Amino acid sequence: MNQKGIRHHQIGDTFDDFMLIKSATKGVASNGKPFLTLILRDQTGEIEAKLWEATKEDEQTFVAEELARIFGEVNQFRGKPQLKIQSIRPAQTTDGVKPSDFVEKAPVSEEDLMERITEAIFEMKNPNLQRITRQFVKVYQEALLTYPAAVKNHHEYVSGLAHHIVSMLNLAKQFKALYPELDQDLLYAGIILHDLGKLKELSGVTAPSYTLEGKLIGHIPMMVEEIGTVAKELGIEGEEVTMLQHMVLSHHGKAEWGSPKPPLLREAEMLHLIDLIDAKMNMLNRALDKVQPGEFTERMFAMDNRSFYKPLFTDHYTD
Amino acid sequence: MNQKGIRHHQIGDTFDDFMLIKSATKGVASNGKPFLTLILRDQTGEIEAKLWEATKEDEQTFVAEELARIFGEVNQFRGKPQLKIQSIRPAQTTDGVKPSDFVEKAPVSEEDLMERITEAIFEMKNPNLQRITRQFVKVYQEALLTYPAAVKNHHEYVSGLAHHIVSMLNLAKQFKALYPELDQDLLYAGIILHDLGKLKELSGVTAPSYTLEGKLIGHIPMMVEEIGTVAKELGIEGEEVTMLQHMVLSHHGKAEWGSPKPPLLREAEMLHLIDLIDAKMNMLNRALDKVQPGEFTERMFAMDNRSFYKPLFTDHYTD
Amino acid sequence: MNQKGIRHHQIGDTFDDFMLIKSATKGVASNGKPFLTLILRDQTGEIEAKLWEATKEDEQTFVAEELARIFGEVNQFRGKPQLKIQSIRPAQTTDGVKPSDFVEKAPVSEEDLMERITEAIFEMKNPNLQRITRQFVKVYQEALLTYPAAVKNHHEYVSGLAHHIVSMLNLAKQFKALYPELDQDLLYAGIILHDLGKLKELSGVTAPSYTLEGKLIGHIPMMVEEIGTVAKELGIEGEEVTMLQHMVLSHHGKAEWGSPKPPLLREAEMLHLIDLIDAKMNMLNRALDKVQPGEFTERMFAMDNRSFYKPLFTDHYTD
Amino acid sequence: MNQKGIRHHQIGDTFDDFMLIKSATKGVASNGKPFLTLILRDQTGEIEAKLWEATKEDEQTFVAEELARIFGEVNQFRGKPQLKIQSIRPAQTTDGVKPSDFVEKAPVSEEDLMERITEAIFEMKNPNLQRITRQFVKVYQEALLTYPAAVKNHHEYVSGLAHHIVSMLNLAKQFKALYPELDQDLLYAGIILHDLGKLKELSGVTAPSYTLEGKLIGHIPMMVEEIGTVAKELGIEGEEVTMLQHMVLSHHGKAEWGSPKPPLLREAEMLHLIDLIDAKMNMLNRALDKVQPGEFTERMFAMDNRSFYKPLFTDHYTD
Amino acid sequence: MNQKGIRHHQIGDTFDDFMLIKSATKGVASNGKPFLTLILRDQTGEIEAKLWEATKEDEQTFVAEELARIFGEVNQFRGKPQLKIQSIRPAQTTDGVKPSDFVEKAPVSEEDLMERITEAIFEMKNPNLQRITRQFVKVYQEALLTYPAAVKNHHEYVSGLAHHIVSMLNLAKQFKALYPELDQDLLYAGIILHDLGKLKELSGVTAPSYTLEGKLIGHIPMMVEEIGTVAKELGIEGEEVTMLQHMVLSHHGKAEWGSPKPPLLREAEMLHLIDLIDAKMNMLNRALDKVQPGEFTERMFAMDNRSFYKPLFTDHYTD
Amino acid sequence: MNQKGIRHHQIGDTFDDFMLIKSATKGVASNGKPFLTLILRDQTGEIEAKLWEATKEDEQTFVAEELARIFGEVNQFRGKPQLKIQSIRPAQTTDGVKPSDFVEKAPVSEEDLMERITEAIFEMKNPNLQRITRQFVKVYQEALLTYPAAVKNHHEYVSGLAHHIVSMLNLAKQFKALYPELDQDLLYAGIILHDLGKLKELSGVTAPSYTLEGKLIGHIPMMVEEIGTVAKELGIEGEEVTMLQHMVLSHHGKAEWGSPKPPLLREAEMLHLIDLIDAKMNMLNRALDKVQPGEFTERMFAMDNRSFYKPLFTDHYTD
C-alpha cells in the first residue's frame, strides 16, 4: 500500500504505487489515437492521469472503482499536477489491496460513532421522538455509518455523515447546558435525521453521484415523506411528527437554500446553526491544515470563495 | 336576502339587510366602553362595521360564521367605507337565509366541475398516473369541489380550487394540440393534484386560515408525501410516482417561491406556466371588471403591484 | 449535398462533404506557421475545424458565407468534436450546392407561414390595428419570412421569426377561446409586430450579428418608433397606436429584461406569457429530441441553466 | 398675498391669507356629515386642511387649481401640521392674486434660462446635432421654460426643467475643459434633449400628473421616437441621429432604472453622471437649507432614504 | 414600587403606580388644547399614555428620565393598550423610588459578569492579546457593566452588553473543547472587545440613542481605531494587533452588514457565529416566554420577520 | 531602449529589445523539462513569454523586477499574443536601461502634481483640516507622488494616485464654483486623503500586491485610524476630525462597496461622485484611445463589462 500518498508528491517525482480509479473517460488525441483520462485517488487525495494510446482492452480494464498499480512521473499541466503513466496494470487478489484502503475516512471509528448516536437516543425522554429516531437508525444503520455527508465541500469522506452527526450531537449537548430552554429530544432527533435523506439521494459511498430521485425530489422532501411513513408504521401521531418533519424541512434555513419553510421552532433555528458551524469548522480545519503559518488557504467555494489566513503567532502560546 | 349587495352601496346610503359575520374583534372605546369591530360580507364583497357599546351578550351572539340582520348607514373612515350599525339582530331559522348564500362562488357549478375533472381522468392512458389521480379525487371529492384555491389573490372563492383545475385542464388540452410532444397524462395528473395539499393546509371553505401543519410544512411537501403514501397503498411503483411528485414539488417554479426543485421535466415547466396564466387571468379579469374603460385598476399586489389599464376602444369592434 | 449531416458523425469517423463556412479566424501555430480556425455548418449542426499551414490564398478563399468541400477526420479536442482537415477546396457552380441548403430552417414552409399570418390579419375587426399590422407585413414581407427569431437560444433558424409568430398566433387563438375577455385584435397585432424590430437589429439571415443601431438602441425602442411613424403615414391616431406601442415596449415583461414599462394591459401580459411559452417549448423540444429516454439534456443557458429529464415511461402509453 | 408663507407657521398659530388649492377630496365624518380634505399650497410649501360640514356649494367652489382666502388655526394631527379652517371664501378678481404667485419657481428667470440654452446651441459646431436641438427648443419653447423637471424629488418647481438643463450645461462646460476628449456638441445636445419627453409625459406645470402615454410608454421611448421624427422632417441622416437617440435612451444608466441600453458612449456615460450630480445637489441643498448646523435633514427617499448632517464648523471659515 | 408591572395589566384595569418617563412629546388636540404623549416604562415593559390639556408646568415637569406617580385606566387605541391618565404627580425623594428600579436588567449581577470576564482574561496565555484586552476592560469597566448590547432586538437592557459577552465566552469555551484547533486567546479577546465601540456609539444606559460619531463612523471602525491606539500606548506591535482589529472589523460577517472585510480567520468566522447564536437565543427565549404552548410569537423583525411556534408537547417530558 | 513598444507588435513580428520581468513562474512541460512563464512589460504594455528548457540558473536570473534583453517572435496562443523566446540575457549596467523606463507613468510630472496639491492645501481656510492634510502630505510625500491609484482598472501607473488626486481637485474647484454651498476645505481634504491608506495597503510602486494588513483590514479603516492618530498628535479635536474620517470612510458610497457608512454629508456625497467621474474618464479615455472611430472598445470589467463605441463623426467638427 501507498506509504506516502499522492498529496505529498512534488512535480518531477517518480510515482510507483497502487491507486483507486475514481473515473475513466475516453478521448482521441491530435494524432488520432485514443487515450484515457483517469482520475486516481488514495487516502491523501486525487490526481488526474493520462494513459496515451489506450487499447480497447485498457478501456475495459481500467474503469471506475477498480484498483491499479501505476508507474509514472508527476508533471504539471495548466498549473495543476498530472500523472504521466509509463506503465499500468490491474491489481490482483494477491496484491492484498482493497478499495476501502484508498478512500479518505472519518478520524473516528464506526463503532465509536455508533456508540455516541445510540447514547444520544438513549438519553431521549420523549417516547415518540425516541421511537422514530431509533427506527431510522436501525433500518439504515449500515449506510448511516459509511456514507459521506456530502459529495464535496464538507465531511465528504467515508463515515462523514455519522461523523457530522456526532459532532453536532456534541455541540447540541453544550448548547442545552448553556440554553436550558432548548428541547434536547427534538434537537437530538433533528440532528440524527436531518440528512438521512442523503442515503437515498446519493448513489453510494466510494464515488457518490446523485440518484434520479435525488435530482428530481431531493433529500429534504424525501426525508419528510419517510418520517411520515415511519410514524404511521409505528402508530405514532401528534405534534412530534409534524415538528420533526419541520426540523428536517427547515434545516437549510431559507427557501433559496432548499428549505421551503424557514425554521419556525427554537430548536429548528439551532439545528440550522449547529449544522452550519460543524460544516464550516470541518472545511476550515482541513483547509488550514494544508498551509503553513503566515499563508492563506486556497479559495473555498463553500465559504463564499474566501481565502483564510493562518496567523504566525498562534503556535507560541496555545498548546 | 340582499338584493343589491354591499359592494354597490354609496357613502351616505342607508343599509338594511342580512350579512355574514366574517370576524368579530372586541375593543374599548375612548369613553371606556367596549365595542365590536365586525367584518361583514355578502356575495358582492366585505365591509367593516362598528357596534358601539356592545354588551356581553352581543359579544357572544355576534361571532364569526354567524348571520345577522343589520340596519345602519354607510360612512367613510380613513378613505374606506364603514358601516355604522344602528340596530342588529341574529338571523333566525324563519329568516330563510344560510351562510352559503353570502360567500362568493365559482361561476361554474360543482357538477360541471366534477364532470370535467372525471372526463380528464377518463382520457388518461397511463394506468399508474390514472389510478393515483382517481384515488385522490375519490378521497377528497367533497373538499376538492368546495375549497378556494387560495386565501387571497386568485380563485379565492367557494369552489375556486376546482374552477382553477378545470381552467388549467382546458388550457392543457390546447397546449397538447399545439405541442404534441407533451405527455398529456402527466400534465393532467399534475394539474389535478398540484394544489390538493391545500385541502390540509387551509382550515376550511368559508373563512380559511392556515393549519399548524400548513404553517410548518406547507402544501407542497405535504402533497409530495401523500402521493408517496397513496402509491404505496395502491401498490404502484416506478418512475411515474417520482415524476408526479416532481410535478407537484416544482410547480411554484423556483426555490424562493417554495419549490425546492425547479421544473426539470417539459411537463413540469408547462404545469408551472399554465398555473401562472390561469391565476393571472383570473386576477386580471376580476380587477378589470370593476373599472370603466379609460380607467386603471387598483394596484394588484400579486401582479408586482401593477395597476392595469382598460382601453377605451375595445368596446367598438370586438364583441 | 450532405446525406448524413455533421451532427451524426462519431469521433474517429472520416468526413467527406460540402459545408458552409460560418466564420474563419486566423492564428499562428507554435511552429510559427499560420492556420485557420473555421466554424463549419450544415443543416444538422456545427463543428470547429483547423486548417493547418494555411496559405495567403486559403485565407482569401475560405471566408464566412462561402461553401467548401472538405475531406478530413472527426477528432476530439477538450471534450468537443473537432474536424481535422486533410483537404479542402471551394465549391464551384457545377457542384450544384447553395448556402441555403446548409442552414437550419423552420419545419413549416414560407408559404404556409405567410398564409397563417395573412389569415390572422384578415380576422382583425379593428381597422386601425389591422391597417398598421398589414402595412408592416407588406413592407417587411421578405425579411419577415426568412429571418431567425434570435441569434441563439430559440427559433434561431431560417424563418424562425415567422415560425415563432405563427405558433404564438395559434396559442392566442386558443387563449381567446378560453378567456373571451381578451381583445383578439390587440393580441394578434402585438404578436405579429412584437419582434419585427429584429429585422433592423440583426444584420441578416445566414449568420446574423447585431447592427450598430441594434447595439445602441435595440429592437424594442426601434419598433416603438416605427409604429409611430407608420401610424402617422397612414393618418391613424388614437389610443390604438399607444396601446400597440405599449404591447411591443412591454413584451419582455420587466425593466431588467429590456422593457422600460412592464405590461399594463391584460393583452400585454398575455403577449409576454405567450412569447415565453413558445420560446420555452421550442428550446425544450429541440433539446429533448437529442437525448434518449432516461437521460438528461445538456444544461440550457436560457432555461436558467437547467438540465431536463426525459422519462422512460412516456413511450408506453401515449403515441 | 401671503407675507410669511405656510412653512414658517408654528403649531398654534392663527392663519389668515390666500392659498392655492392643490387637491380637494370629499369625505363623510363620523357624525354622518360631509367634509372636504384640501391640500393647500403657497410658494413656501403645503399643508393639509379640513373643511368640516362642507355644503354642496363648497364642493363645487373649492376645487383644485382655485385660490381661496382662509382663516383658521394651525393644529397637529398624527405628528403633522394641519390647518383647521374657521372660514373660507373663493378669491375674486379684485383680490389681485393669481395662481402663479403660489407655486415654487426656479431661482433664475425664464429669460436667463433661455439665453443660456440659446448660447449653448450657438456654440455647437456639428450642424446635424445643432439643427435637431434647435428645432426641439423652437417647437417646445414655452413648455420647456415652465415645466418642472419632475413630479417630486428634484427641480419639482416651475421652470425646474430649464433650470436643471442650464445647470447641467454649466457642468458640461467645465467637464469639457478638464477632459478635452469629450465631444461637447453631443453632450450639449444630450443635455438639452434628455428630459424633453417629460413635456408629454406630464400633464402640466402647476399640479403635474402622468398622461396616459406617459404611463404606458414613458418619456424616454417617447423622446427617442420624436428625435427620429424630427430628424426625418429636417432631412438629417447618419450616425448623429442614432447617437443622440442613444444619449436619451441610456441616460438613466441601467435597465432597472428605465434605460433599455446602458450608456455605450463616453458622452452618454457623462450625461448620466451630470444628470445625477445636478439632481443630487438640488435635493441636498434644499434639504440642508431647512435645518440648522448640528442637525440632520429629514430622510430623503431619492437619496436611498438617507438623512444628511449639516456640520457646525462650516460657518466659521468658509464664506 | 410597582408590584405587578404594566405588562400584566388587562384592558379596562385601573392603574395606580410609579413609572419612568422614557419620552414626552407635545401635541395639540382637535379642540386646540395642548396634550402630552408620554412613553412610560417599568421593569416589565412600556405603555403609551396621553395627558390631555397639559399645562406649561406639566410640559416642564414630565420629561424623559423623570419618575411620576400615575393614576388612570388601561384602554385600547388601534389595537394597542394605552394609558388614560386621570391624575399624575412627579415622584419625590420621600417616595423612595429610583430610575434604575424601572428598567429591565440582565438576569445576572454586575459582580458575576465582571468575575467571569476577569476569569477569561486570566486564562489567556498570549501576553499581547491579554494586555490589550485587560486595558480596555480597565478603562471602560463601569460602562461595560451597565450598557445594553443594542438599542433594540437583543440584550437591549441594563448590563446587556456584559451579559452578551459572558454568554459568548461560555459558548467559546465549549467550542474550544470540541474544536481544539481554535485559538482560545484570540477568540476570547475578540468576544470581549467586539462590541465595545458601542460604549461610544450609544449615548447612555437608560434611554440610549446614537451619538454623532456613532452615526457618521459607527462602532466597528471606532473600535478598530481604538485598538490601534491602545496597542501603541502599551508599546505592543505585531500580528496580534492586526488580527484583533480584523476580528472586530469582520464580526458582522458581510460588507452589507457593516463589516468591510468578511471573516478571514477561523476565529473570526467563529466569533461571527457565536455572536449570531447568542443574539438569536436571547431574542427567541424572550419572545417564546411571552406566549403559551400551542401559540406563535409575534413577528420578530430581527429574525427575518418570522413568527415562532411553541410546541404543546415539550412540557411533558423535558424538565 | 525599446523604440516602438510591445503593444505595437503584430503576430509574426520579430522582437529584439529590453523588457522588465513582471513575474516569473516555473512549470514542467509535457516532455518533463522545466520552463519559465514570464510576464514581460515595457511602457506600452505587457506580453506573456515562454522560456522553454529553463536551467536552474535561468530560474535564479530571470525573476520579477529584473530587466532582460530578449530576442524572439510574437506568436499567438488561444487568441492572445505570446512571445516565443529564442535568446535571452540579463541587462547589465552598461546597457544603460533602468526599471523605471519600463513602466507606465502619469502624463504629468511629479513636480507639477506636488505643486497643485500644495496649492490646494494653501487655499484651505479651516486650520484644523489644513494642518491634518498638510501633515499627511509631508509624511507620505515620496510614496504619494509615485504610487499607482489602484492595482488595476484606473490610474494603475506610476504617480497614478497623485494624478487622480489632482484631477479630482480640479473637478472640485469647478463644482465649488457651480455649487457655492459646498465646503471647499472639507472637499479638498477628503480628496487628498481619501485613498492614502493605499500606501499601506499596497506593497510598492512597480508591481504592487496587497499587504497582510491590506487584506485583513483594508485601506479605508486603516486611513480612518490614522486620521485619528494624526489629529491626536497635532492636538486637534472637534467635529472636523470626525467629518474627515467620515469623508474617507464613506467614499466608496455603499456598504457592499466597502464603506460601512454611506455618505451623510453633502461633501461626502460629492467626494464619492468626483472619485467615480475621474476613475471612469480615465478608463474610458484610455480604452477609446486604443480603437479607431467606428469600433467598439474591448469589454471593460470595471465599467459593468460594457464595450463602448467610438463614433465616426466626432472628428469632423470638434477640434
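Lettered A, B, C, D, E and F in written order, each chain numbered from 1.
We take it that contacts are C-beta pairs under 8 Å (C-beta built on N, C-alpha and C of every residue); 3 or more make two chains touch, one makes a residue touch a chain.
Keep in mind the model is a prediction, meaning the values are calculated, not measured.
J.: Could the interface between the copies subunit A and subunit C be described as same, meaning over half of its residue numbers are common to both, or is it different?
T.: Different: fewer than half of the residue numbers at the subunit A-subunit C interface appear in both copies.
J.: With contacts defined as at the top, give the pair, A-B or A-E, that has more of them.
T.: A-E
J.: Any idea how many Å lie between the Cα centroids of subunit B and subunit F?
T.: Result: the chain centres lie 62 Å from each other.
J.: How many angstrom lie between the CA centroids of subunit D and subunit F, rounded to a whole number?
T.: Chain centres of subunit D and subunit F, defined by C-alpha means, are spaced 41 Å apart.
J.: Please work out the Cα centroid separation of subunit B and subunit E, and write it as a whole number of Å.
T.: Between these chains, centre-to-centre, one finds 45 Å.
J.: At least two partner chains per residue is the criterion; list those residues in subunit E.
T.: As it turns out, subunit E has residues touching two or more other chains at 212, 215-216, 239, 243, 264-265, 296, 309.
J.: Which chains touch, pair by pair?
T.: Inter-chain contacts occur between A-B, A-C, A-E, A-F, B-C, B-D, B-E, C-D, C-F, D-E, D-F, E-F.
J.: In the complex formed with subunit B, which residues of subunit A make contact?
T.: Residues 212-213, 215-218, 220-221, 224-225, 228-229, 232, 239, 242-243, 245-246, 249, 255-261, 264-265.
J.: In their complex, what parts of subunit C are in touch with subunit F?
T.: 27-30, 32, 34, 212, 215-216
J.: What does subunit C use to touch subunit B in their complex?
T.: Spelled out, the residues of subunit C in touch with subunit B are 125-128, 167, 170-171, 174-175, 177-179, 181, 183-186, 238-240, 243, 262-266, 269-270, 273, 276-277, 280-281, 284-285, 288, 296, 303-304, 306-309, 311-314, 316-318.
J.: Tell me, which parts of subunit B touch subunit D in their complex?
T.: Touch residues, subunit B against subunit D: 11-12, 73, 75-77, 79, 84, 296, 309.
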